[in-house]
Structures are given as structure tokens and as C-alpha cells.
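Next, two complexes with chain A in common: one pairs it with chain B, the other with chain C.
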Partner chain A sequence: MAECHPVGFQWVMEAKARGATVIHVDPRFTRTSALADLHVPLRAGTDIAFLGGIINYVLANEKDFREYIVAYTNAGTILTDEYRDTEDLDGVFSGLDTEERTYDFHTWQYEGMEVQAASGQRDQEYEDHPGTKKGRASSKSVRQSGRGEAHGSGGAAIAGEPEVDPTLQHPRCVYQVLKRHYARYTPEMVEQICGVPQDTFRQVCELLTDNSGRDRTSAFVYSVGWTQHTVGVQYIRTAAVLQQLLGNIGRPGGGIMALRGHASIQGSTDIPTLFNLLPGYIPMPHAHAHMDLDSFIEGESPRKGYWAEMRAYTVSLLKAWWGPAATPENDFCFDYLPRLTGSHSTYETVMAQLAGNCKGYFVLGENPAVGSANAKMQRMGMANLEWLVVRDFSLIESATWWKDGPEIETGELRTEDIGTEVFFLPAAAHTEKDGSFTNTQRMLQWHHQAVEPAGDARSDLWFAFHLGRRIREKLAGSTDEMDRPLLDLTWDYPTTPLQSHPGDVEPEAEAVLAEINGWDAEGGPLSSYEQLNDDGSTACGCWIYCGVYSDGVNQASRRTPATEQNWVANQWGWAWPANRRVLYNRASADPDGKPWSARKALVWWDEEKALWQGHDIPDFTASKSPHYRPPTDASGAEALAGVDPFVMQADGKSWLFVPAGLTDGPLPTHYEPQESPVPNLLYSQQRNPVRQILSMVHPDDRFQPSGSEPGAEVFPYMMSTYRIAEHHTAGGMSRYQPYLAELAPEMFCEVSPELARERGLEHAGWATIVTARNCIEARVLVTERMTPMTINGRVLHHVGLPYHWGQGGLARGDSANDLAHLSLDPNSHIQEVKVGQCDIRPGRRPRGPARVELVKEYQRRAGITEHTGTEI
Partner chain B sequence: MGVKTWIEEWPVYRQLTGNDPLGRAAAVKSRRSATLAPRSATADKVVKSICPFCAVGCGQNVFVKDEKVVQVEGDPDSPVSRGRLCPRGSSTLQLVTGSAREYKVRYRRPHGTEWEELDLDTAMDMIADRVVATRREGWQWKSDDARVRRTMGLASLGGATLDNEENYLLKKLFTALGAIQIENQARI
Partner chain C sequence: MAPVDVTIGRRPDLTGALLGDTDPAAQGGWTDHPPRMGFFTDTSVCIGCKACEVACKEWNAIPEDGLVFTGMSMDNTQGLGADTWRHVAFVEQRKPLAVQDPGVLHEGVDVLALAPQGSGTSPDEAGTTPTTPGDPGDLRWLMASDVCKHCTHAACLDVCPTGSLFRTEFGTVVVQEDICNGCGYCIPACPYGVIDQRKDDGRAWKCTLCYDRLTVGQEPACAKNCPTDSIQFGPLDELRERAGARLASLHDGGVTDARLYGRDPHDGVGGDGAFFLLLDEPEVYGLPPDPVVTTRDLPAMWRRVGAAAATLVGAAVAAFVAGRRI
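Take a look at the complex of A and B:
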């Protein structure tokens, strides 16, 4: 955090100064470790074993916050007797289809009812709904399509009420299932798997549990060190289970904070340039025969909680996009939405480029030739396009690979043979345009234009608007049905003349924000998503952002100084939903609506005023009493009781056990990474059985043998990629800047003195790092920050690889992502680059074709075939 | 100038003998530096902004003089950052005004070995033509008997560095085009 989010880290230091204990769990010693009270190095790829060990400690010693979990989680909910745990089936859950490599989730359900996820893999249940028209889309393709990024999460009862045992004694209640699931995650096992000494582990357990309860809360902070795994979603789930057990969700000082790496990466998830989502986490529809709006809503939305209003959110979105053309008679143009058939993630797109099906590609402020896993595949994909448009500040590697990419040097590509037509368009900077970023805590902040962009530089708002305008002009008058969505699109945004470019106009960003916010039938700005209707009388571009333009005021540009408001500071910017700063903060009060303790008060029920009050805005219906109980026929928000803080959820409860919505199991389970030097000590199942690999088998993406398999010794070291403070992700905004380039001028690797001795590596000399995909060179940094670990009786070394560099810019070097493979998390389709296996040897890598030959030689030595590492 | 005055004007002497042992203030002042004013003080206006690097969302004050950005500093009012910026955020002035910025459209024709210049208007027209053609070429009405109404011909990657309003227009346009392979760094 001190490296990648230094200014955010000031608050950790502030907390430390006020007595907080800071624990840093990371394979490497970093600038964060230097300031932490306790640094716990663990073997990369073993966090579920580590966190699972803490869960076991909590449950075995009854350290859970019992009142909290009984009232607010599904701890007491009873599961069907068909459920089989990984303890019963040696590392897999019931429902595994080994042919299709998917799980059928039906045995993970609650007794007496079926539950639907309101994010994640929502459409899993489409075919089960009584009201949906049955199609023939395979359940496999639905499960692979990756519905939702699971922000907010939730689900709902299709029918019935769950059976609950508030004493938590029923052998099939979630609490008891959880206890059995983690019983073997003992301190001894944690030491064996993670390389964390038992004493250190116990210290972490004690510090965490002593600091959780009525009076105290603990927070978890993570970043891509948790997401970039074949079990990445389950990493975060493990933290969620633990934080629920300790009562650390929805309370001040609690939570699980995702620290995201780009200025508006949260915004680009909320208003998603992502294949599987529409704005506000409405799923992109999956192809089902004869699906209309009603069956889409029926198939995807729950009965209870705020997702029950999905029809209002969807219809309002369709009205924002297609305006008067969207009518009740034509299903509000629902048919205009293109349909998914399986996963269409960026990695499938690369495969489609290599196959020649995807021919045109826009790259907008991103540098996949350096920043994506197996970056060679990205470059080879781009070399097979008909046309490519790159918009950036500088001539980044994704724009220049055709003349100076690594494959030109090795002879795998020849510039003259590459048919890709490349357009490079210079982009405007944030100082040259109006607009909002959504930061990592869901807060929108407006940046104002300071000057106009010079030369050909233009905003992406300008680019999108004028590209759309030109396409619509070219197709004007078309009677082809395929052009209707374009011609009916609302695209008449107000514009401002660009003073320095006569005749050219910039669309007004605030007008776009107003459309995102939405308006009523009279065109007045809406102030809350609760005003959205499902009859077409409201329009709203992103329901969770509704209110950001309430009263016609740009709430994202509010800047009341921190010193002139309370510590929640909710008059600075605007956070979704409804400017609430702590999600699910109803849980900061006990079931009766009183704060769990005075010290940890955030919101509370005011009996006199009959309203929820607080420092923060309550994330709950303001007038709903804690004693409210819904009538049995209630639906939507009305069906939530006064003790249901998790308002997006099917049952209003937080889920320790996830009955639907995840592709790879209801409970997090330790699996070894795709490539690991050790066998799974907990189960005979080595890897996540449903990790996504099969669609990815390609000669440039070979996997390595793991554990005790023959050939694994050819790649004896673990590797992990990461970032440093001086550079920004794939380098497009830092390696081209003289100041930052000077601070960290070239690619390096970090190794321990022990590994340096073992392999003859010299400090400041060169090393070559090899995997089955590629080999790269790096300067050697010999440092005690890297700790050798004893795992399963064997000393293991990590090689640390910052991934910022490429062949372009002022600070140059090989790209660590060239080493990575495409084995993905099956929920999020995120690649496993935080852990892998490699070899390291002294000296620079070979030049020319010899580079490719070296990789082939390693493949031969390790006996690698197209089947290696693809076992279930 | 006497020898004593000459020695006393020497910054190292002042640093060693005065009350500025770190040489960060009075010791290093000169007659010239005394007449200088910070760019932030002589700017025509201050524009409120947000750091464009990571997602912490630090506040920035952008100082403008003669219609040019002359300095970017942390915004002390921000409850997020209290005026601080990290090494990356502190380099924002260079990011937005530095030598790395490209201001001309570049074009590489198929099989070409060098960049060529291209007029922005022409480039936009050519891109629009290609989108229309590629979209049609990759069009699908059905997949396995289910209606899909989409094109598999074109894709987009990027958005995490863009504004919400930009992502909104991009998603709206690409969806109306029937393009579904729309992704950004959030997947990565």
C-alpha cells in the first residue's frame, strides 16, 4: 500500500499513531512492511490457507461476534442434505461436472428454498425460473459468461423462507458446515503450506480477534495481490467470511478495502466498459431462445431487496439510450441489446484476434502489449488485425509493436509482413477536459478543465461522440434492421466550441453526467434510484449513480474543505449509493438499532424521530424501524426486515456460505496455483478444478508441470509480479516522463542473498528469467527483503518481478508479463500473475531467434506438451 | 565586497553557522532567489482537479497562467489527501505538459515500415468507415438458434484511465453497434 497507494497509506499511519496495530502479509518486505508493526512473509498463492487458518482459530475458540453473526449473517441457515463439502470429496464440492469443468450449484442451496444471486453468476438459475421461457443456451456457456463483478453481491428467494437455527447447533447449518470445512486449517498446516511460523501465525490470530468485537473493529486492505489468481474471488471471499465472523462489516474501521490501481477503474466497473455488464451491474443479457424483457428480468432478478427493482433500473437505462424509440410496445428496445454466449473477456478477444475473427481493435488509455498476461499473445493478436486504433499520451508499446516489439527482434514477426493498419490518436489529459473519476471508495470527484488540449489531442468524450456522430451520418437513411439501435440512439449532446480549433466542438461532460443521473417524465433531474419507474416514465444511465446530479447540481464537484465538516466528510464529492460512505452501515447498530458501542457508533435508530440518524447517511430505508417485520407477501425493499442490513441480498443477510453466484464453490478452499512447486497438502485435488484454461490452449501459452510431477524441477523457483511507487502499471503514464524514468530507470528482479549464491547472481548484474512462455532479462537486486521459506520440508525461493517495463519510453526493460500464462479465475476471468514458477540464471537473455530457442529447450527439458498442467 | 561579507554569503558557511543546518531555507537564499515568486503565486487561476494516476483520488490544484498549465500541486482541502501527492502524483505537471506528449495523429499503413502523418478529420472518417465495414462483416443475428444481434468483428480495451462520462458514451455507442468484446483494466 505504501508503494502503490502512498497517499492512502497516510491514514494507516494516522491510525498507527492513534494506537492501531498494522500487520503486513506479503511474500516480500516492502515499504509497507517497513512501517508495519508486524510483517508476515508467506508463500505466494497460499492466502486462503492462511486466512482459513484464522477462521479455524476463530471458530475453534468461539471468538466470533455471536450476536452479530446470528442477526446479520446466514450462519444459522440450514443447507440441503445433498450438499457435500471438500472435506467429504477430497477437495471438490458436490456438483462437479468433470467433463464440462463446471459446477452445478443446486446442491449448495438452502433447505426448503432456492436462492438466487443478484450479482456474480446470476443467470445460472435462468432456466429454473417458473416465469422464464426455456431456451437452449447451455448452462456451461452461461456459467462461463462471468455475470457481474460481484460488487454489492446478493441474491433472493425464488420461493419459501430458509430454515434457520439461531442456536447454530444444527449439523447442517452454515456455522457447523464452516467449522468442519476449516477444521484441518491448523497452525501446523498453515506453517507447512504458507511457510509462516506457528508463533507468528498465532500472534496474527490474537491481534485480529482481540481487536474485533463491540468496541473495536479491524479492516483488511487488499489489491491485485489477491485478485490475480485462479482462485482470486475466493481469496476475497475468505476475508469476507472472516470479517463477518468478527463483525467487521458495515462498521466504522471495519471492512475489506480494495485498493484499485487506476484513477477511475472503479468508475469503469460501475459504468462498465466490460463485456458482461450494463451500467450499475445490470447483467448483459445472455442469449436464450425467445427471451424478452419480462423473462430477462424474471430470470435475473430476485423478489426481495433492491435488486427486485431491476426492471425499473433496466427500463430507465433503455429509455436513456433509446429515448422516444423505447416504448412499452417494443419492450423498450430490449431487443437492441446484443447477447452474450459464454465469456467474451479480453483474453478470449485475443484468441479471436489470433483466429482471425476479431479484426478491428480500439485500445484506449491502456497498454496490453506490456500490461496483460502473456503479453506476447497480445502483440501477436494485434499483428493479426485489420485495423487498430490506439489513443494515448505517448507512443506506447501497444502502438509501436509492429516496428520495435520483441517479436520483431526474434524474427517471429517481420514489419513488412504485418498487415495491421494502425491509427494513433493523441489523447487529452485530465487537465484539458471536464469529467468525473470514481475513486477506490466509490466516490465520484469532478476534475475541471484548466486549458484546451493542443494539436490533435482530444478527450475520449470527443472521440466517442464524434465517432458515433460520423457512423450515424454514414448509416443515415438505412432501413437495415441491424442499424436501428444506432439510428435510434439518443446522441444529441450539447457541445461547446473549441476556441483553439475553429469549427470543432467538445461535447459537454456535465450533460452526460445529467443523463447518467437520470430525469423524470418532465425532464427534471432525479435525486434517488428509489424514484425510478419501470413504465418508461424515467430515464437513467446508471441507477447506482442516480443522485449525483440531484437538484441539477453536479454533486461530484462539491468541495467543502475537510476542516469544515465531520470526519465522514460526505460534503466532498459524491459516493454511490446515495452518497453513503460506509456500505451496509445498518450493521453498525445492533438489532434494536443501538450502536454496538459508543466508540463505534456510525448510524442509529432515533426512536423519537422514528428515523435512522448518524454521522454517515444510513444505508437503509430512513424510516424503517428495527422492529419492522415484512408481511409474507411483501417484495422488493419492503420485504426487508428492520434487522436486514444487507439490503441488496436475497435474505438481507451477509453470506458466510454462498448458495449461488460463484462458479467455483460456496466456500473458499485452498488450492495450489496453476503452477506450484508443492503438492496440495490439504486435498489430493491440486488446483481449482474449474479454473479457466481450456479455451486458452495455444502454442505460445504452454503450462508447466507442478508439485512432484516430472519436469517441475526445471522451474524450481516461485515468482510474483508487482508494482513500485515510482511507476504506474504498464508504464504509459510514467516510463515516458523524465522524472519518474530517472527514479526507476530499468527493469530489475529481486532475489535473496541465498538464491543469488545458489544461482551465481551478482547484485546489479544481469539475470535471465525463464518460463514455458518466454524468457526475459533484468538487472539483479540482491536483497534480504526476499525471504527464503521452508515449505513442506524444502527451502523455496521467490523471484520478485516488477512489471512496469517494455521496450518503449525513457525507462526500458523486458516485460514481466511476457512470462505469464493465461490460466484465469473462473468467476472474474482475471489472470494468475501473482504467482508462478520460473528458472533464473545469470547473464542476459539470448538475442534474436536464440531467445525463442531457449524457451523451447526448457519446454523439452520439462517434457511440456499441450496437455501439461491442464488436468482438472 | 570584503572578505568577511564574501565568506558570509557563501551558502555552506551559512548552513554550518546559522540556524538552517539542513540548508533548506535561509542558508540557501540569494539576492536572486529573494526576488523569485512561486509559479502558484503568479498564476492567473487555480483549477480544482483530481490526480489521474491511482484510484486513491487525491485532490489537485492546477495553476494556469496565460492559458498554460504552469504547476500542479496537492489540494490541502481534500479529505482524501490533505494536500499530499506521491512521486507519481507529483510528476503530474510533466505528465500533462512534458516532452512525452504526442500532439499529432500518426498513421501506419498495412505493411508500412514507418509512421505517416494524417489529418485528424481524415483519420476519424477512415476509422468510422472501418467500424461500419468490420461491424457488418462480423455480424451475427443468431448463435445456436438464439437471437444474439451482435458483431464479433471489433473489440475495445480501455476505460480505467478515462472519465465516467467517457466510459458511458463508449459503452452506449459500442452496445448500439452490437459490439460485446468491450473490456478494460478492471478485468486485469
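Take a look at the complex of A and C:
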């Protein structure tokens, strides 16, 4: 966190100054470790085993917050007797289809009822919604589209009432299943798998459990070190299970914080740049035959909880986009929305480019030629386009690969053979435009333009607005039905003249914010998503952001100092939903509505006023008594009882066990990474059986043998890619700036003294790192901060690879991502770049065609074929 | 507040040099001046983000000074100089900080001995080891942002012949780039090796404690940008008090190595306007353990020179007189 989020780390330091204990779990000793009270190095790719070990400690020693989990989680819910755990099936769950490499999760359900996936996943079972009862045929293309991101505020459809055993004794209740599932995650096993000494592990368990309960809470903070794995979503799920057991969700000082890799990445999932989501986590519809708005809503929305109002959110979105053209008669232009036919993630798009199906490509604010896994594939894909538009501050590698990319040097590409027409458009920086950032706490903060952009640089808003305007001008008068969605768009944003560029106009960012916030039939700004209607009388660009422009005031630009408000600081910026700072904060009070302890009071039920009160804005219907019990025919928020804090979930409960919604299992299970030096010590199942690889098999993306398979010894070392404080992601914002470039001017790798000795690597000299995909060179930083580990009786070394560099800019070097493979998390389609296997040798890499030859030689030595590493 | 007079402060008044706290601004000729301002850099909360280095360069328009991979841990800017006015040092040590225990060993590996093993780089191009020997099993990583100390008794200012270096009303020491003639006298005079000549223009450059920002009530760029308040700016009296409290709390917490550097008004430079909390000996961070204002002995030297000259003159006169008598 100190490396990649130094500004946010100030609050960790602040907490430390107030007595917090900071534990840092990371294979490397980083700047964060240097300031932590305890650094716990573990083998990369083993976090589920580590966290699972803590879960086992909590359950075995009954350290769970019993009243909390009985009241607020599904711990007591009884599962169907069809469910089979990894304990029964040696590492896989019931429902595995080994042909299709997907899970059918119908056996993961609650006894006596059907549960449907959280919002984004739900369309997966469109055909068999509890309400529609059309059977169990779900299409592979829908399953493979994953849609895990839709869980951001996701709920689930449930039909019927679950059977619950509040004593948690029933052998098929979630609590008992959990206990059995993690029983084998012992301290001895953690030591063998993760390389964490048992004493250190026990210390972590005690520190965490001692600091959790009625009077104390603990928080988890993670970043892409958890997400970029073939089981990345399950890493975070493990932390969620643990935090639920300890009662650390919905309470002050608790929670799980996702630190994002880029400013406003949270904003770009809320109002998504993802293929599978509409604003506010409404799923993008799939291409089902004859699906209209009603059947889409029916297939997607649950009966209980706030997601039950999905029709209002969706219709209001369609009204925001298509305005008067969206009418009840034409289904509010629902047919104008594109339809999914499968997964269209960034890596599938690259495959489509290579196959010649994807002919044009916009690259805005990213540098895939450096920043994406197996970056060579990205460059080869872009070389097969008809046109490419790159918008960035500088001429980044994604704009120049055609003349100076690594494949030009090796001869794999020749500039004169490349047909791609490349357009480079300079972009404005955040200081040169108005707009908002949404941070990891779901908080929007407005930034104001300080200066106008220089030269031809323009904001992304300017680009999108004028591109739309010009396309609409070209299409004006068209009678082709295909052009209606574009021509009917509301594209009437007010503009202001650019002082430094006479004749040019900038659209007003605040007008876009007002549209995102939404308005009523009279055009008055809305103040809450509870005001949204499904009859077309309200418009709202993103239902969870409704209220950010309440009273016609830009709430995101509020900057009331901490000294002039309470410690929750609700008047700094604006957080979704409804400016609540701690999500699900009803859980900060006990079932009767009293704070669990005075020290950890956040919101509480005021019996006299018959209202929820507190320091934060209650994330609960303000007048709903803790003693409220819904009538059986209630729906929506009214169907949730006064003791159901998790208002986005269809049952109002937090889920220790996920009966539907995840593609790879209801409980997190340790699997070895795609490429691992050791066999899975817990089960005979080596890897995540449903990891996403099959659509990716390509000659430039070979996998390596693992564990004890022949050829695995050719790549004996573990590697991780990561960031350092000196540079920003793929370098577009830092390597071209002299003051930042000089801080870390060259690509380097970090190795332990032991590995340096073993391989003859010279400090500050050069090394070549090789995988089955590519080879790169790097300067060598020998440091004791890299720690060899003894795993399963074998000493293992990590090679640390910061990934910031490319051939452009002032600070240059090879790109670590050229080494990575395309084995992805099946929920989120994220690449596994945090752990892999490699070889490292002294000296610089070969030049020209010899570079490719070296990789081929390694492939031959390891006996690699197109089947290697693709086993289920 | 008195106007800036470049001639003020040129004459060193060294009578107070070793006599405890002084008022350098008053000694510099300022009659009605604000309190002495300075930095307290608490290295125990430095996270090594280098925001201070970058903010300093950005605000003061200092040129980039070399794209060099040094191999010195995460430090590639190497030290203070004409074009680096804030510099973050990174020191990797085998030494525990509080309860830190990585639980791993590096038994008996001598990184220095690894160097001649051979690789693609010739040994004379290779860097030096980032590690220091110590007890195996424990590791700590010290980070510290260094800066000009703005000494109470500043030798650079004493020796400057042009008045380019002057004492500000805030008690800080600033070079005026339009007056500096590049003589370079200040460079060997600095007991910390801070002030430096820029190669392509010959003039001397160093931290101004953002004099331009101070005059309009802003804090210096580095302090403004420091995310963890490792760099604290304020009236020196307050900072000294705060530093004392911080030291006591660290000592209470078992960090017995913690110490203050440059806070003592009785040290060889009369105390620093920019002082530090360190977690080890100053030498570990590349700081002199016992800095002394290099002009301290000048008056005595001049007295002796005067006496010697007088003696010589006396002898010559005597010889002349004697000669005439011959």
C-alpha cells in the first residue's frame, strides 16, 4: 500500500499512531513492510491457504462473533443434501462439467428453496429463474461471460424461505459445512503450503481475533496482489468469510478495502467501461431470442431487497439515454441496448483481433502494449487491425509499437507490412478538466479545471461528445433502423467555449453529473434512488449515484473541513449509495438496534423517535423498527425484516456460503496457480478446474509444466509482477516525466542474495528472465528484502518484476508483462500475473531473431506442447 | 518586516557560535522578523515515496539530473546536490524494528563476495551492495528524506563574497541565483556537503526552504506533499518541542535507537533549522556525526594571522631600523 497508494497510506500511519497494529502479508519486503508492525512473507499464490488457515483457527477455537453471524449471516441456513463439498470430491464441488469446464450450481442451494445468482450472474440462469421455471438449460456462452463484477451491489433472487438452524448444529448448515471445509487448513499445512512459520501464523491469528468482536474491529486492505490470479475472486471471498465470522462488516473500523490500480477505477465499474455491465451494476442483456424488457427484468431481478426495484433503475437509465424517444410502447428503447453473445473481455478482444474479426480499437487511458498480460499478443493483435485510436498524454508504446516495438527488433513484424492506421490524440490531464474521481470507499470527489489543456490535448469528455456529435451529423436523415439508437440519444449537453482555442467548445462535466443523478418528470433533480419509477416518469444515468446532484448542488464538490463536522465526515465529497460512508451499517447495531458496544457505535434505533440515528447515514430504511417482520406477500425493501442489514441481498443476509453467483465454487478453496513449483498439498485437484484458458490457446501463449511434471525444472523460479512507488502502472504517466523517470530509470528485477549466488547474478548487472512466452532483460537488484522459502521440503526463490517499463519514454526497459500467460479468473477475466514460473540467467538477452529462438529452445527443453498446462 | 538587503548577514557574528540558542535572523540584521521557521523530518514515519523530491523539483524548476540505475536499494538520485534539494535515502539493515519478524534467514551470504562471480556487466560498472552485515534473521528498511540544514551558524553564508547567500527573515539560508558568481567558496564550507555547483551554469544551488512560498504564507512544497507528515514545517520552537515528545513516545515504545539529529542548539553549528529524528547512527544515513561550522576557527585564525603579520611587520621594521642604524 505504501508502494502503490502512498497517499492513502497516510491513514494507515494515522491509525498506527493511534495504536493500531499493522500486519503486512506479502512475498516481498516492501515499503509497506518497513512500516508494518509485522511482516509475513508467504509464497505467492497461496493466500487462500493462509486465510483459510485463519478461518480454521477461528472456527476450531470458537473465536467467531456468534451473535453477529447467527443474526446477520447465512451461517445457520441448511443446504440441500445434493451439495457435495471439496471434502467429498477431492478438491472440486458438485456440479462440475468437465467437458464444458463450468459448474452447474444447482446443487449449491439452500434446502427447500431456489436461490438465484447475484445480479450480474443472474442472466446466466435466465432460462430457469425461480419465477419462470423453465428448466435447467443454461448456455455456455452466458456462463463464460462471467459477469463477476456485477456483484458490486448485487443481490440474489430467492423463492421461498430458507430453513435455518440458529443453534448452528445441523450437519448441513453453512456453519458446519464451513467447519468441515476448512478443517484441513491447519497451521502445519499453512507452513508447508505458504512457507509461513507456525509461530508467525499463530501470532497473526491471535492479533486478528483479539482485535475483533464487540469492542474492536479489524480491517482488511488488498489490491491486485489478490485479484490477479486464476482464483482471484475467491481470494477476496476468503477474506469476506473471515470478516463475517469476526463480525467486521458494516461496522466502523471494519470492512475489506479494495485499493484500485488507477484513479477512479471504482468509478469505471460503477459507470462501467466493462463489456458486461450497464451503469449501477445492471447486467448487460444477453442475446436471448424474443427477450423484451419485462422478461429481462423477470430473469434478472429478485423479489426482495433493493434489487427488486431493478425495473425502475433500468427504465430510468433508458430514459436518461434516450429521453422522449423512450416510451412504454417501445419498451423504453430496451431493444436499442447491445446484446452479449459470450465473453468479450480485453483478452478475447485480442484473440478476435488476431482472428481478423475485430478491426478497430480505441485505447483510452491505458497502455496495453506494456500493461496487459502477454503484451506481445496485444501488440500482434493491434498489428492486425484496420484502425487504432490511442488517446494519452504521450506517445506511449501502444501508439508506437509499429515502428519501435520488440517485434520489429526480432523481425516478427515489419513496419511496411503493417496495415493498421494509427491515430494518436493527445489527452488532457485531470488538472485540465472538470470531473469526478470515485475512490475505493465509493466516494466521489470533484476536481475543477485549473488550466485549459495545451495544444491539441482535449478531455475524454470532449472526445466522446464530439465523436458522438459528428457521427450523428453524418447519420442525420437516415431511415435505417440500425441508426435509430444513435439518432435518438439525448446528446444535448451544454458547452462552454475553450478560451485558448477559439471556435472549440468543451461539454460541461457538471451537466453530465446532473444526468447521472437524474431528474423527475418536471426536470427537478432527484435526491434518492428510492424516488425512481418504472413508468418512465424519472430519468437517472446511474441509480446508485442518484443523490450526487440533489437540490441541484454538486455534492461531490463539498469540501467541509474535518474540524467542522463529525468523524464520519459525510460532508466531504459524496459516497454512494445515498452518501452512506459505511455500507450495511445496520450491522453496527445488535438485532435490537443497540450498538454492539459504545466504543463501536455507528448507527442505532431510537425508540422514542422511531427512527434510525447515528454518526453515519443509516444504510437502512430510516423508520424500519428492528422488530419489524415482513408480511409473507411483501416485496422489495419491505420484504426485508428489521434484522436484515444486507439490504442489497435478496435475503438481507451476508453470505458465508454463496449458493449462486460465482462461477468457481460456493466456498474458497486453495488451488495452485496455473504455473506452480509444487503440487497441491490439499487435494489432488491441482488448479482451479474452471479457470478461463480454452479460448486463449495460441502459439504465442504456451503454458509451462507445474509441480513434479517433467519439464517443470526448466522454469525453477517463482515470479511476480508488481508496481513500485516511483512509477504509475504501464508508465504512460510517469516514464515520460523527467522528475519521475530519474527515480527509477531502468527496468530491474529483485532477487535474494541466495538466488544471485545460485545463478551467478551480479548486483547492478544484467539478467535475462525467460518463460514459455518470451524473454526479457533487467538490471539486477540483489536485496535481502527478497526471501527464499522452504516449501514442501524445497527451497524456492522469487524473482520480483516491476512491470512499468517499455521501449518509450525517458525511463526504458523490457516489459515484465511480456512474460505472462493468459490463464484468467473465470469470474472477472483477470490475468494471473501475480504468480508464475520462470528461469533467470546472468547477462543481457539475445537481440533480433535469437530472442525468439531462445524462448523456443526453452519450450523444447521443457517439452511444451499446446496441451501443456491445459488439464482441468 | 525589513526589506531584503543583500548586504545584511554577510558579516559573521560568531560570538554566539557555541553559546546556545541564538536568533539568526536578528543576527542577520532583521529587526522585526517572524519566528524562525524550519523542518522537522521524522524518518520513523517516512515511507520512501519520494513525493518530497518530486514536489521540490516541480516547484523550484530544478532540472532532471541523470537517469542512472544505481543499485543502491530504491535510491537512484544518490544524494543532495545542485539539482536534488530533497533526497530520500534507503538503508537496508539486519536489525529489528519493534516486533517485526519476517521469519526467514539469509545465513552467511556475503553480497560483496557475489560481485566477482561474473555476468554481463563489468565489475567497474557494477554498483555496490545495498545490504549491510548484521545479525541474520531480522530486517529493517530505513528511509529518510535529507535536505539543507539551514544551520544557525551557516558557513556557506559566512564565506560568500557576493552576498548571494543571505539569511532570510525566517532564519533560513538562501542563495540568490541572480547574484551568485559561481566562485564555489560555499561548497567546501558546508559541513554537510549540501550546497553544490550546477555543472552547466557554474552557480551554487540548494534548498531555499521555499522562500518564495514562505513569503506568501505557504509551507514548502516538500512538506506540503509529504503524505505521512514525515516532513513537518513550522516555527522551530514548536518543532523542537514536538520532536522531543515524539522521541519520548518512541523510547517508551521500545525503539531505543531513536535519536534527534540537529536539534541541539549547542552542537557545532548552533543547531539546525532543519533537523531530524533518526533510527540509527547519523553515519548510517550518510550524515556527519558531529558537524562543526567550518568557519568557527576563522576569527582565531585571523587573530593569529594578524599577530603573525604584526610580528613580521615588527621584525621587518626592527630590521629596517637596525639596518639604518648600521
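Here is the rule we use: the second predicted complex is superposed on the first by the 852 of 872 C-alpha atoms of A that agree within 3 Å, B and C clash if a C-alpha of one lies under 4 Å from a C-alpha of the other, contacts with A are read in each partner's own complex, and residues count from 1 in each chain.
Rule of thumb we're sticking to: a contact is a pair of C-beta atoms (placed from the backbone, for glycine too) under 8 Å apart; a residue touches a chain by one contact, two chains touch by 3 or more.
All values derive from a computational prediction rather than experimental measurement.
Asker: Following the superposition defined at the top, how do chain B and chain C come out on chain A, clash or fit?
Answerer: clash
Asker: Which partner chains sit in contact with A:V196 here, chain B, chain C, both or neither? Use first/second/both/neither.
Answerer: Second partner only, chain C.
Asker: Scan A:S264 for contacts with chain B and chain C and give back first, second, both or neither.
Answerer: After superposing on A, A:S264 lies in contact with chain B but is clear of chain C.
Asker: So, does A:T273 touch the first partner chain B, the second partner chain C, both, or neither?
Answerer: First partner only.
Asker: For A:H288, is the partner it touches chain B (first), chain C (second), both, or none of the two (neither)?
Answerer: After superposing on A, A:H288 lies in contact with chain B but is clear of chain C.
Asker: Does the superposition put A:S752 against chain B (first), chain C (second), both, or neither?
Answerer: After superposing on A, A:S752 lies in contact with chain C but is clear of chain B.
Asker: Which chain, chain B or chain C, ends up touching more residues of chain A in the combined arrangement?
Answerer: Counting residues of chain A touched by each partner, the higher count goes to B.
Asker: Would you check which partner chain A:D456 touches, where first means chain B only, second means chain C only, and both and neither mean what they say?
Answerer: First partner only.
Asker: Now for A:R794: first (chain B), second (chain C), both, or neither, which partner does it touch?
Answerer: neither
Asker: In the superposed arrangement, which partner chain does A:L740 touch: chain B (first), chain C (second), both, or neither?
Answerer: Both: A:L740 reaches chain B and chain C.
Asker: With the two structures laid over each other on chain A, which partner does A:R779 touch: chain B (first), chain C (second), both, or neither?
Answerer: Second partner only.
Asker: With both structures aligned on chain A, tell me which stretch of chain C collides with chain B: 63-71, 153-161 or 279-287.
Answerer: For chain C, the clashing option is 153-161.
Asker: Looking at chain A, which of its residues have contacts with both chain B and chain C?
Answerer: Common to the two interfaces on chain A: residues 6-7, 10, 725-726, 738-740, 743, 810.
Asker: If we count contacts the way the header does, which residues on chain C are in touch with chain A in the complex?
Answerer: Residue list for chain C touching chain A: 45, 47-51, 53-54, 57-58, 63-71, 73-74, 76-77, 92, 94, 97-104, 106, 109-111, 114-115, 117-121, 123, 125-131, 139-143, 227-229.
Asker: For the complex, which residues does chain B have touching chain A?
Answerer: Residues in contact with chain A: 45, 47-60, 62, 64, 67-69, 72, 76-82, 84-89, 91, 94-96, 98-111, 113-115, 118, 120, 123-132, 134, 136-139, 141, 143-188.
Asker: Could you please specify the touching residues of chain A with respect to chain C in the complex?
Answerer: Against chain C, the touching part of chain A is residues 2, 6-7, 9-10, 13, 17, 29, 31-41, 196-197, 199-200, 724-726, 738-746, 748, 752-754, 756-757, 760-767, 779-785, 787-789, 810-811, 842-844.
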